[in-house]
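Read from first to last, the chains carry the letters A, B, C and D; within each, the first residue is number 1.
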Amino acid sequence: MKQPIRVGILGLGRIGKMHAANILTMKEFEVVCGADPFLTEETEREMQELGIPKCTKDPEDVFADPTIDAVIICSITETHSDFIIRAAKAGKDIFCEKPIDHDVGRILDALRAVKQADVILQVGFMHRFDRHHSALQHKIADGTIGDIEVLKITSRDPAPPSMDYIRSSGGIYVDFMIHDFDMARFLTGSEVTEVFATGTSVCDPEIAACGDVGSGHAVLRFANGAIGILETSRRSSFGHDQRIEALGSKGCVMNDNEYENNVRFFTQDGFHGAKVPYHFPERYKDAYFVELRDFAQAVREHTAPPVTGFDGLQAVLIAEAAARSAKSGKLEAVETIEV
Amino acid sequence: MKQPIRVGILGLGRIGKMHAANILTMKEFEVVCGADPFLTEETEREMQELGIPKCTKDPEDVFADPTIDAVIICSITETHSDFIIRAAKAGKDIFCEKPIDHDVGRILDALRAVKQADVILQVGFMHRFDRHHSALQHKIADGTIGDIEVLKITSRDPAPPSMDYIRSSGGIYVDFMIHDFDMARFLTGSEVTEVFATGTSVCDPEIAACGDVGSGHAVLRFANGAIGILETSRRSSFGHDQRIEALGSKGCVMNDNEYENNVRFFTQDGFHGAKVPYHFPERYKDAYFVELRDFAQAVREHTAPPVTGFDGLQAVLIAEAAARSAKSGKLEAVETIEV
Amino acid sequence: MKQPIRVGILGLGRIGKMHAANILTMKEFEVVCGADPFLTEETEREMQELGIPKCTKDPEDVFADPTIDAVIICSITETHSDFIIRAAKAGKDIFCEKPIDHDVGRILDALRAVKQADVILQVGFMHRFDRHHSALQHKIADGTIGDIEVLKITSRDPAPPSMDYIRSSGGIYVDFMIHDFDMARFLTGSEVTEVFATGTSVCDPEIAACGDVGSGHAVLRFANGAIGILETSRRSSFGHDQRIEALGSKGCVMNDNEYENNVRFFTQDGFHGAKVPYHFPERYKDAYFVELRDFAQAVREHTAPPVTGFDGLQAVLIAEAAARSAKSGKLEAVETIEV
Amino acid sequence: MKQPIRVGILGLGRIGKMHAANILTMKEFEVVCGADPFLTEETEREMQELGIPKCTKDPEDVFADPTIDAVIICSITETHSDFIIRAAKAGKDIFCEKPIDHDVGRILDALRAVKQADVILQVGFMHRFDRHHSALQHKIADGTIGDIEVLKITSRDPAPPSMDYIRSSGGIYVDFMIHDFDMARFLTGSEVTEVFATGTSVCDPEIAACGDVGSGHAVLRFANGAIGILETSRRSSFGHDQRIEALGSKGCVMNDNEYENNVRFFTQDGFHGAKVPYHFPERYKDAYFVELRDFAQAVREHTAPPVTGFDGLQAVLIAEAAARSAKSGKLEAVETIEV
């Protein structure tokens, strides 16, 4: 059996804790240390109980530890680029939560550092690893539907996050729809050239008061001629609504949500079926494992990870064009940057 | 355009009225006369409004009318054999509601009269003409599922009929399951050799008081080695539950009920879908037309109808074996009779 | 029984023949005459066989016949306004195929003539009468989903029409998407204020050569704050794809296509289900009857029809804004006109 | 955190290896030792790689080890009763694969030993722990469907096991349908009083040559008046077909199989969906964990396990009655034994 990859986890908030718990059950990894500047005694105890041997407030403890092979960056977005650069300089492979950064300049600095150090950088777009989405992607990639003409993504959260979160999120396009922008590229295998975006806060007027929208909609034009239609909302109330559809020259492929079970109950009023998963931790439960398993493989074989830094950059560039379009009311071109 | 087939309708109860209303919209037929010994003024007026030019209490008015080509027998079961014989002697083609008769001897007399007069006799097993069942039958007949091994039929009424009806029905096997016995032969393309049947009245104890059961279950053995499993109930509460499933050497084919529409509504409690048709008049609405269209064709071309008198006899013989088995608690052989 | 409404059918092309065949089976109507300037002997014979007593090349034969109560306008779009005006002046109620006209000025003239003559004008948006769409509309209108936030319509034809048709169609927005623009207003119960539209001809480059697009996509803003997302294509290859989805504050409602039957066949490769109806004549078969039944009722009771001339005008105004947007790449306001 | 339960695994064949692999990832357990009289060097190495510290050919090494809290019995059926008795005498809690034994006398000896030693005995009917079946059971148990009237179970394996396996299996009723007999009791919450069973080997004539049948069918009568209809086959070819349906006074509840994903692909030939899990290790993957988690809880709290020795006995008694019925062609009473 191969030696496990020794990792440090940067950021022990909600998503960091989830990754920590997952990684601790994976034989591919050994968690050496968790670092969080806001580390509380409670979190430290929680991490110990989970089985993480050491916690620290200083991320440098991770970068400086020569026994650590890789870092999992789950800290706030503002720290991502800096941590990527420091990890790269320390020769560590990197798994970084999305988005890489809100600032394209800083993303480019980070990607250059990764390139120079020749380390692995994988971005945390876990939607790609969902079995329903992945099966659909295969039907497109293997030519089953012929040439893709239209891609439609429905992506809705059950309920809006706190207004504090909304205010510091960077806006719906870069915070939320970035997953869908990434999926759009992944599924079509083509780059987005133009975007029209618009939104509304009819689902929650408080969001408008924060200067953001609660529902974001985008029409994408791809280099291969296909059209993408994305529809997202912060509030779908019935659960985490995650569906994709692709129309091609030979037919149409679509996936449905997952359901908690396949039971149906029939009465004189019709029939009743099960719930869909409430939110992303339930729906993408398995996908969070699969992305890390693939990261482990990329680290071990020193090969390109399934989601690269370039992918992370493109999603941000599309999000920026979408934000511009939402203001201008016009189709906006997506910036092209050589990395 | 061909001349319409001139028909007389015998029996103007619920099923007779339905056939009358259907036939009046079909260009294949012209209704000449309706006959019912219990004809009321109200029914007569109703028939006139529908567009039937003449009603009579005396069936002989139908048999004696040389301009009438064919009869539709919808009267009570006790009269079927007699009417078939009289129609045959008058040289008229015959569509007869199921069952032909409760008495095998009388059925044989009727079949002989039909044979001697060389007229068409079609029995009203309308399940065969339902688009879902028919599509399933094709998948079996064309070899899609390979050799059939197991046939399962679920057949449930939403609510029991009146106890008066139950008392004079001849029992669940001949009154209700006869449709399913016919479908079993139709779908497997093989004869039933043995039957085990049992029942219960847990759905309505009053039915037990009438000497019948409210739910009938049968295991059939077919000449081709397949097994049939039939499950029926007088009370399914949620609607007319009509589903079929066939397992073959190459796969399994199953159909679902129809639904009033394909809308689903999603909330935090799960999703809700539409009702199934409440009872046979709604579910088999189209099938009632198709069987008569096929009857018209058989009459015009003087060819074998899709459901023959022999089919009508076999279903009764299986029902009789089932009734015997329900009493004996044993597998019972189905009688074989040369016609 | 009430006297049937005596109708003249104007235009005996594909759609006119279909309406003629339907109307001849409806007891609400009696077809007096069919008129078509391009009437051939073959069509005349066909109509006679169907049961239409008289055909003419001169529409005036219809307008001038005082025994005719109503007209069914199925002629080419260019003639609609003129026929509406002539019918209105003759005091006849009017059922007119969509669109009323490509020219807003002429539509207004027609609507004024209708108003002045106080006759009924119903426009042939048959999508409204489909049982799946209608059931979904009820879920919105009765408050089941709460306040509507997003409406999504998928509307795809199996294969493009002839390029001759495309060239004279007025473009995808007014010819094809007009159905969806009407449905958008019908389903949300709100007017469209702004439109963004774009299209592509990746499905058939010949369409681009005709100066049109093969796939049209539109984002709508409604007066009530909701967003509409319409996706259409001239070529979906697998059949007539007609699905609607609405997200509201209390949940989400969506309908699926119809299927030819509910049979599924299972093998080691997965399962296989039935086809969807190939094109609109199959999918909207029943809807074509329902709209005329409702028209008959409006005529008899002299009440507002379910689809008014105002509805017909609005759909064209939205289509015009969409066509402008497709050129400008910007959100375009929908014109507001007092009638 | 509680101390893990220290277990020894008896039998390291296919099912033993699967349990071993599962248990090693569960924090509730610590695997101390694996014992198998047929232990090969290969299996020993495999177990070491999995993480089991010690393997032995002598089961006594397990029973005699005072640090072992519980045993997991996965050895051949003939050894079950003996191992249960020895484990009970050694004061160890017991998880035993189904069936407890083919011989009722030996089962009774085992149950008495368990009772006397006051240890936990749980039988491995994992179907109960499947999320689809479990959700359906809740709908029955909580009164959603009212009083249960009919229970239907479809249970099919994709392909027959080896003829060697068939020959030593004890026959389809005790080897295969025992799962369904257990589910029947579990779902109805009632005891089976009578059984009619029949079978056929049309799916594989070789099975008939082994003196067994490839498809077993049973009609059950329950003490509460309900009827059970079980249909099983050794060969369904399309995967592990596991569906349940219950009709009650207030409606009907049914579950469908699982599918590998929810993607559907539409073409002109209809639509295509995903596979069902091929066999029980895939379908009941999660259920195998859940049953052990529940066992751990029963061990820790020394409370009744979710599947008791009594449950194990009843399933065998029903299987015996079914085997008798298949020979006699009659309804057979299920033996009642006081434990």
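As a working rule, a residue touches a chain if its C-beta (ideal position, glycine included) is under 8 Å from a C-beta of that chain, and two chains touch if they have at least 3 such contacts.
Given the structure is predicted, the values throughout are model-derived calculations rather than measurements.
Asks: Comparing B-C against B-D, which pair counts more contacting C-beta pairs?
Replies: Looking at B-D and B-C side by side, B-D shows more C-beta contacts.
Asks: Determine, using the mean of C-alpha atoms as each chain's centre, which chain is farthest from chain A.
Replies: Relative to chain A, the chain with the farthest C-alpha centre is B.
Asks: If you average the CA atoms of chain C and of chain D, how many Å lie between those two points?
Replies: Chain centroid spacing, chain C to chain D, equals 58 Å.
Asks: Need the CA-centroid distance for the pair chain B / chain C, whole Å please.
Replies: 40
Asks: Whole-Å distance, chain B centre to chain D centre, using C-alpha means?
Replies: So the centre of chain B lies 42 Å away from the centre of chain D.
Asks: Touching at least two other chains at once: which residues of chain A meet that condition?
Replies: 237-238, 241, 250-252, 264, 266-268, 274
Asks: Residue numbers of chain C touching chain A in their complex, please.
Replies: 147, 149-150, 152, 154, 156, 196, 198, 200, 202-203, 215, 217, 219, 221, 225-227, 229, 231, 233, 235-238, 241, 247, 249-252, 329-331
Asks: What residues of chain A sit close enough to touch chain D in their complex?
Replies: Those in contact with chain D are residues 1, 25, 49, 131-132, 134-136, 139, 144-145, 250-258, 260-268, 274.
Asks: Using the touch definition up top, name the residues of chain A that touch chain B in the complex.
Replies: Chain A reaches chain B through residues 158, 237-239, 241, 259, 264, 266-276.
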